Amino acid sequence: MFSWFANPLRFMRLSNWLAPLCYALAALLIGWGLWQGLWVVPKDDYQGGDIMRVMFVHVPAAWLAMASYMAMAVMSFIWFIWRHEVADIAAKSIAPLGAVWTAICLATGSIWGKPTWGTWWQWDDARMMSVLFMFFLFLGYMALRASMDTRQKAARAGAILAMVGAINVPLIKFSVDLFTSLHQDSSVITADGPKMAAVYLWPLLASGLGHTMLFAGLTQTLMRAEIWDRRTAKANAKLMAEG
Amino acid sequence: MLRGVTSPVSGPLSGPLLSATGLGMIRGERVLFTGVGLSIAAGESLVLRGSNGAGKTTLLRILAGLTRPETGDVTRSGPHHWFAHREGLKPHETPRTHLGLWSRAWGSESDLDSVLSRMGLKRPADVPARYLSAGQRRRTALGRLLLEQRPIWMLDEPYTALDAEGRDLVLELIEDHLKGGGGVVAAIHGESGFVPTSEVVL
Amino acid sequence: MLRGVTSPVSGPLSGPLLSATGLGMIRGERVLFTGVGLSIAAGESLVLRGSNGAGKTTLLRILAGLTRPETGDVTRSGPHHWFAHREGLKPHETPRTHLGLWSRAWGSESDLDSVLSRMGLKRPADVPARYLSAGQRRRTALGRLLLEQRPIWMLDEPYTALDAEGRDLVLELIEDHLKGGGGVVAAIHGESGFVPTSEVVL
Amino acid sequence: MRPAPILSAFRQALGEAWAGGAGALLPLGFFAGAAVLVPLGIGTDPQTLRAVGPGILWVALALSSLVTLERVFQADTEDGALDLWLQTGVPASAVAAAKTFAHWLAAGLPLALLSPLLALMFQAEASASLLRNAALYGLGGLAFYFWGGVGAALSATVRRGGLLISLIALPLYVPTAIFGALSMTQGPGSESAPLFLAASTLFALAVAPFAMAAALRLAAD
Amino acid sequence: MRPAPILSAFRQALGEAWAGGAGALLPLGFFAGAAVLVPLGIGTDPQTLRAVGPGILWVALALSSLVTLERVFQADTEDGALDLWLQTGVPASAVAAAKTFAHWLAAGLPLALLSPLLALMFQAEASASLLRNAALYGLGGLAFYFWGGVGAALSATVRRGGLLISLIALPLYVPTAIFGALSMTQGPGSESAPLFLAASTLFALAVAPFAMAAALRLAAD
């Protein structure tokens, strides 16, 4: 299956219509989710009153941050084992997006934390710390790739880091259950299914799906740009070899 | 980019000790070489030629399996010795401890003292590498070639920093090795001192 | 311990560019040399000879004022160029930035591009030193000799890692320098390529 | 897999640690530094010192592993020793693990063994828990050294090491640092923390050598 | 004394700091490290954090100066650049001072400039004293870098650097550290402490270059 996607040509043809579709779905889902979340659902005083509406950004951002890291690690793994170029391109394209979503999660979490917990940041909170470190990992991944002199080396170095760093994700996911944390326990993605009231759950899920679509669309766009870049570089090298 | 051609003389009976086909390499958007093929059988030697920056060291590293070629394949039939610009000496190691370490690592049984005296390192045998002269460092690293019999020798500019006597010594080692059925690949500027079976010009 | 003797040819009219008397050096309880005297006048060259570890590099460092001799004195009548095993290149420096840095440091007015092309460094002019080939590094360091006119050149194994063309280039530079009234001290193994005015054998 | 090359790698690394001024003496330097500079910086209130003591040592362990290993792998790349080790025929991961272990033994372990002393200097009460903590420092330090080795090996390729290595290694340190700190407090979760610390060290021992090997092969490329 | 070689030494050192991954970015790494590992280690009681914050930064400055400069002078010895600098005809002390100043500018100053941020993260109250403290960190850091340079230059000769450098540099740091820490407290003597800090920095600037020059000439010998 990987090899089927691994063909850059096929990917270009696929993403040609898939990316716009992703953007359209993203607009619909995020639009509805936010409209519901920001104006329709009742506010919840237990979670800080109106500030809880930030949840409809915070939670999808948190999910996407973790998912994008996992996606980057999996792509790196595929590249490392099978050397499919598209997987490397995907991993490279995911990194900046993941960093942005992680930053959004951190920012919205802090904004939410100030009124509800009375602090912007708690240093020994395992969840906050591990999300912060995921942010560092994304930055480190990009810095590492940027500092390599060839594309091949950049891909190898990045893949090693992405795979090793994947230990962070389970730590993030289970940190609230393992440690005492200010953060609330999982209530959507749990072993016994969602425990959240339906008024909140549906807009949240819609928003989450919308973010996923947006993420998928942006990834494809970045990948297309990278593929064009590499084609140009290859053509240049050929020219130089002949000239 | 391959301007020279390997001469396709094959070994007496056995297969080649080392062979490579279609090697190509790119460094920093510059094509160093493409389509390099070579093969060395027992008793054969190959000299890599080319001006500074042509890619000899890079090709040697590819043959040794240290660097991955952009295209092409390398087959080595056995272990090899590696001797390059960077000698692999730690500043605190003396000729004796360095050769001792590698002889233990490789499980070789050769006599350290005789290796040291063969390489002309009797006197500085216990001087840490950071105080050794350039030639003494090279001689220490060359000593590794004597620790263990290995079919293939890969040498990057083996005469660098050696005095006349040291040069003769290396030549003698190479000739003994070739007579004993070994193979040698060496990157050399100027006179090689021996008649190579084939040359590759990059 | 001085096994060779300097030939006491003095320069045409002016005093010597460089002279030393009674130099002696001990390294790690070993006497490297004693009573070495030498002198170079304008247009003269001196080649240091000796087997590996004899003390050539040490003597050069003493002549350059980097190392203090155990006994004896050195007199230099003017500034000198230094070119040794360790090229003084930082891994991030490119041939262009390295030569640019030193040309500014010395306040020289020579044209960088012409120096680079004279040294055959047009192509790798902007490649960081950590990616340069051995010969390209040497050529970069040699380029410093062209940045500024200086009466004395001190060269430690100047031909190391150079291809045939690079060797000819260095030879040409040395001859031009000598013709222009400069002096050269060089430690060389094997053929020097030019006829030195005198030799010191350690 | 013949053990001789691995033993040799271990032996060379020990010699290097010793000659490089790390080794059994480095912790003394650290101790002198911490004992002198920290109270100068933060004041000598016994309460504060006691609170800070255990943490300082974790930080010192993390820093020592980074600084040491970065130098080790960079030196290996520059002096050509890495090329030799990669051609010994044994897996690079075993060589990397042997080297890292040697450096932990030379610098990390003595630091842990001396930790009760530092704790006493920082006004902790003498008790059996100091010995228990020493074991935890040893365990956690091992994980630091192995993850630090991954960061160091990755940054040996590029020379913009300084920043990169901290961006890379810090996230890898986090689980160990969290569990380590947690296991020295009295709070909830502190009972099971040593177990998690041990697990994170085991994980590091199992995974890091392969990542190091891949990174070192990359550095030679 | 022509200024051109000194300027070039300064410029090369800046380039080196940047390419070596120090430079304006290294402090970020240090920040991340300190900000993250320290609270993890010592707990997050705001009282403790506030007490510890200023001291941590002094220690970070001291460490960064040591680590940076040791590498700088060792690299200079190994790659032959030191030989070139010693033959420029300008006093070695001026070259050493230019290099050290460049590295302080690249790594020490940004650390000082960012210090208010760290203080805020460590629960200090926002006030004008944070800016005043930043200036003090800058001043004290300069002294650290110059004294650290002496230790680094001395240890460039011998390769048992690791231990030596901390043993040599620490005693030199102490006056600066004392006055620096004192000038950030409210206790007695805290008014005149900044003056003493400035004096100790001036002393370092006046004396350290000559000590460095002597040590570097020794390293080339």
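So that you can tell them apart, the chains are marked A, B, C, D and E in the order they are listed, and the count of residues begins at 1 in each.
Simple rule for what comes next: contacts are C-beta pairs under 8 Å (C-beta built on N, C-alpha and C of every residue); 3 or more make two chains touch, one makes a residue touch a chain.
Fair warning: this is a prediction, and the values are worked out from it, not measured in the lab.
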Steps in the shortest chain-to-chain touch route ending at chain D and beginning at chain B: 1
Nearest-to-centre chain - CA centroid comparison: D
Centroid comparison with chain C (C-alpha atoms), farthest chain: A
Chain whose Cα centroid lies at the greatest distance from that of chain B: A
Two chains joined by the most C-beta pairs in contact, as defined above: D-E
Interchain centroid distance [CA atoms averaged], chain A/chain E, Å: 39
Distance between the centres, which are taken as Cα means, of chain C and chain A, whole angstrom: 59
Intercentroid distance (Cα basis), chain E paired with chain C, Å: 37
Distance from chain C to chain B - Cα centre to Cα centre, in angstrom: 29
Two or more partner chains touched - positions in chain E: 19-20, 32, 36, 40, 43, 159
Two or more partner chains touched - positions in chain A: 124, 129, 133, 136, 149
For chain B, residues that touch 2 or more chains besides their own: 27-28, 30, 68, 85, 91-92
Chain B contact footprint on chain A (complex, rising order): 149-150, 152, 233, 236-237, 240-241
For the chain B and chain A complex, residues of the former touching the latter: 1, 26-31, 34, 68
Touch list for chain C against partner chain B, complex: 27-28, 30, 50-57, 85, 120, 123-124, 127, 131-136, 138-139, 157, 160-167, 189-190
Chain D residues within the chain E interface of the complex: 19-22, 25-26, 28-30, 32-33, 36-38, 40-43, 45, 48, 51-52, 54-59, 62-63, 67-68, 155, 159-167, 170, 173-174, 177-178, 181, 185
In the complex with chain D, residue positions of chain B that touch it: 61, 64-68, 79-80, 82, 84-93, 97, 101-102, 104-107
